[in-house]
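The block underneath contains the structure these notes are about, expressed in structure tokens.
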Amino acid sequence: MTKLSTQYLEEAIEDSRPFAANGSVNAALPTFDDTMKELLGVTIITPDFKIYRAGDYNQYVPMQSTSKIIGLMLALEDFGKERVFQTVGMEPMGDFFNSISTLEAPGSDKPFNPMINAGAISIASLIKGQNVENRFDRYLTFLRDITENDELQMDETVYKSEIANGARNRSLAYFMQSTGTIVTDVEEALDLYFRMNSVMMCAEDLARVGLFLARGGIDPDGNTLIPAHHLRTVKAIMLTSGMYNASGHYAVEVGFPCKSGVSGTIIGSVPGVMGIGVVAPAIDDKGNSTAGGALIKKLSKDLNLNMFGIENTR
Amino acid sequence: MTKLSTQYLEEAIEDSRPFAANGSVNAALPTFDDTMKELLGVTIITPDFKIYRAGDYNQYVPMQSTSKIIGLMLALEDFGKERVFQTVGMEPMGDFFNSISTLEAPGSDKPFNPMINAGAISIASLIKGQNVENRFDRYLTFLRDITENDELQMDETVYKSEIANGARNRSLAYFMQSTGTIVTDVEEALDLYFRMNSVMMCAEDLARVGLFLARGGIDPDGNTLIPAHHLRTVKAIMLTSGMYNASGHYAVEVGFPCKSGVSGTIIGSVPGVMGIGVVAPAIDDKGNSTAGGALIKKLSKDLNLNMFGIENTR
Amino acid sequence: MTKLSTQYLEEAIEDSRPFAANGSVNAALPTFDDTMKELLGVTIITPDFKIYRAGDYNQYVPMQSTSKIIGLMLALEDFGKERVFQTVGMEPMGDFFNSISTLEAPGSDKPFNPMINAGAISIASLIKGQNVENRFDRYLTFLRDITENDELQMDETVYKSEIANGARNRSLAYFMQSTGTIVTDVEEALDLYFRMNSVMMCAEDLARVGLFLARGGIDPDGNTLIPAHHLRTVKAIMLTSGMYNASGHYAVEVGFPCKSGVSGTIIGSVPGVMGIGVVAPAIDDKGNSTAGGALIKKLSKDLNLNMFGIENTR
Amino acid sequence: MTKLSTQYLEEAIEDSRPFAANGSVNAALPTFDDTMKELLGVTIITPDFKIYRAGDYNQYVPMQSTSKIIGLMLALEDFGKERVFQTVGMEPMGDFFNSISTLEAPGSDKPFNPMINAGAISIASLIKGQNVENRFDRYLTFLRDITENDELQMDETVYKSEIANGARNRSLAYFMQSTGTIVTDVEEALDLYFRMNSVMMCAEDLARVGLFLARGGIDPDGNTLIPAHHLRTVKAIMLTSGMYNASGHYAVEVGFPCKSGVSGTIIGSVPGVMGIGVVAPAIDDKGNSTAGGALIKKLSKDLNLNMFGIENTR
């Protein structure tokens, strides 16, 4: 078995970078263009806080859908599992039937899971606070605590772009209002959701989220920020639903919890073993980073991280 | 942490048995009636072949949908991963949209995964052999090898019942013929599928299938029957899709690969740790054993088996 | 064959009124309650302007979905057939798959037809004017011209209720913005749509709309307000799609163009023969007036109005 | 207004023939190939039995889906309206959601209408007779009576081709068996359906079916074969649903009941005015004859046949 080292990681990066050619940069995001196509950065942190970095690990991008797992953690902390899953389901689905049709499906009184947009918006509607600024502050504080990065903040241009391109999400949110899934102010839930997606992060920030999950909710100072059982829930849902319509593919080919964003972000979390953060903007037609996906598949294989294997790293 | 013992298992059984009241026995199966409602049997086998039994562990029932993982293993062995997943997908779905609608969904040129009926029938159409008897013989031999039980056989009454009640599966199969997913004889694929579901098994037989997966494809004599990487694939698909429309729920609440059948069967497999077999005929409206489901949730918690936890049994 | 007379109409009313018991009054509408359940008013006007009235013909109610045919006429006048049907289809559908799912259906780049809410909102987005007040003025002027009733106006309480209960329509509208079906201001299109539904009308007003269609777009003074070919289009779409999910039933049982609203309104139009207006607030689960529906079925039969018959009134 | 004459019809044919270029010949039908692309034949018969013919009016082709209206008439005669519409609905739908998905739609306990394949197969399952030969004899006798053509018969090659290519229809039929919509032998219903589609007809035969409907069920000798009210039902359903996914388009552009088949057949029926038969094999992607469709649109306009017009031919 390969041993994790910075040198290994640098080689893995070079092996994976060519897969960028199979994807394209999401031009809907401000400042994103083809010059970013070959970017690939990775950071891995182990439970003893050893850090391995390679490639464009300093590249900051909007966190996009990786925000969904942060929102879910915060809602679980605020309300507990029972209440949260009255608002959103936990069954995998992808967007095969497009998320709005699934909201109308017979017997579906709520979004299928917190990893699809409808589910994440309903989760955002739960997050406590006096107003949207206050609610976002709580999100940001939580995220800074997890990542130990007090500099994290929202990018105004990205936020405005989210609003401007938000018609589909607005449609989902009003649909959920019409069915009673969202009972708070719809525009405020959307506003919060757009802000959450607009926080800028680099590979190390993402890796620290993965590590937080891998360590079971204990922050670097040894404080339990979130009970471990809530994080088991988050990791299970990441494995079944975290990679859009390719979640099943990644469950098979990678075999540990991951969450991706259309900015080319991936958070990976191997329970008890490591947190992984990847930034590589070229994405495939399902929304997953192509070079980033190739890299985590390689890491899983080389470092024996697949949870369904008999003997993994542990 | 609780230690696994026969005494513990007997107590766990009694704790779980009352959940039978929340389910009902599948009267469509021959000889199944309300007198079976309270039955609950379990067997657990560890990689060193220690066996723990409790309750109605001698009760034989048709294996029903637990056959889907056997069929998948055999197809992977016969054709390899690439070919098999040209015929069937690996994305989770459940039957939320009923399996026949999903076959018509835009862009779906094949069943979503091998755990839904359409996927399992397409897998059955792949299994090699001169004729249906020969193909079923291969299935049965493989199953006997895995379980070390040469007595395993199909029940004729169950098989005839499967045929008589097979209209929906026949509809699925002809639909797949019409789209080119099934290219072999449809009636023969259905016949094989009905036979596969009709093999009678008890909790120990089911546990041995779980153990075979947990040990990575090595039979009791140390021979590799199926490469370990194929079994990682099977286990990942069980975790995302093995428990019908409650697969996500079981991923969260149990956290290791399981597959259920409407006869009240459950196969559980904790990689490197144990195989679990359960028989408890009262099922819920999703098709999963109620007492059986309660039992594996309890086992996961008490024995620390959840793969998404920081420290599991390993 | 029965001859149309006021006496006949009064008898027909009494025969039909008991069908109110099969329906219920739409409590979502302001001032609507069970005391209105037995109301049944009808007015019939022939091309030579003979008027027949019976029952509660003076009862004013919000026109609700009968506005859809007025909006369609105005859009056809403003833009012509080709442009209008680039924005909305002309295929019957009902809401069997709920209107938002149909917007996502493969190949559906626009709402199925102008009689479903999504289609009517997209039509409203087309109607010309500087602002929403001006656009609504044009609608109201057109409606007053057709009905020769200068008193027609919007009810403020109904309008506010439409806004307050508009989440589903808002969801539809934003969905259409996200797909490019609506290219003008969404909130303005919705505002106009809500106003259109809130105009108060009685049976005679509704009958005059039916007569306008039946006379091919010629107003009482002999002026052509809308070309006859546009009205043929409107009548054909009413016949295939005007009665919600029971449009096919009414095509068979009534056999001439009708449009209903959930306030219990029905506009009937027998080309060249008569316009019919009905108000009867008790509606069935599809949204059609029960007593009103019974009445137009009786009229069709007694007065030989079914267009699919060999010899109708003409 | 243009007067109907053979000369007019010959000119109309030549105007319409170029539209064949927009379609293609259905190569799935035996003997159908590109040499048939330009064929266009029409026959019109008025209630006084004046016959007008033009173009390839002698060309025989399989009647295909035009059989659906014959089957519906026979079932109405055998069982009456109430019983027939317990088995099949009367709401328009097309195949927008593909016919098998619509069978699974919430609340749809039966096919939407008799013009989609599922509906026609369920209708075939109703037709009385000791066995399939006997049932088909009744169908053929009825068809010969209507058309006054004792030579009509099934083509064996077409019938065999229907069986060989029948997987989708078989899937639909078994689906309906699984839901209890079809309670008789599925294979026999399919066999009858395949035979029904395989009867060879020319434009005059088709025109006589249209005339039979237009005359309200009275055969040339003045006998009432089918009550007029049953034929009103058939004509209404043809108007809303007879032209596949373009039924709404034809309701608007033609405005009288039509039924098409993928062999390029069209039956038109203007109540009280005429029957029209068209054969023109090049079909569009919805299944309707392109040149044939152009021709009936032209006939409707030139001869003032649109039922939604103020003054039609009557």
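Which chain is which? They are A, B, C and D, in the order written, and residues in each are numbered from 1.
To be clear about the criterion, contacts are C-beta pairs under 8 Å (C-beta built on N, C-alpha and C of every residue); 3 or more make two chains touch, one makes a residue touch a chain.
Protein identities per chain, from UniProt: A, B, C, D = Glutaminase.
Only a predicted model underlies this, so the values are computations on that prediction, with no experimental measurement involved.
Fewest steps needed to get from chain A to chain C, stepping only to touching chains, is 1. The most distant chain from chain D, with centres taken as the mean of CA atoms, is A. Note: centroid distance chain B to chain C, computed from Cα atoms, is 55 Å. Separation between the centroids of chain C and chain D, computed from CA atoms only, is 31 Å. Within chain B, the positions touching two or more other chains are listed as 97.
On the chain C side of its complex with chain D, the touching residues are 89-94, 96-97, 102, 105, 107-108, 112-113, 214-216, 228, 231-233, 235-237, 239-241, 245-249, 251-252, 255, 257, 271-272, 306-311, 314.
Remark: chain B residues 97-98, 100-101, 103-104, 167-168, 170-175, 177-178, 186 touch chain D in the complex.
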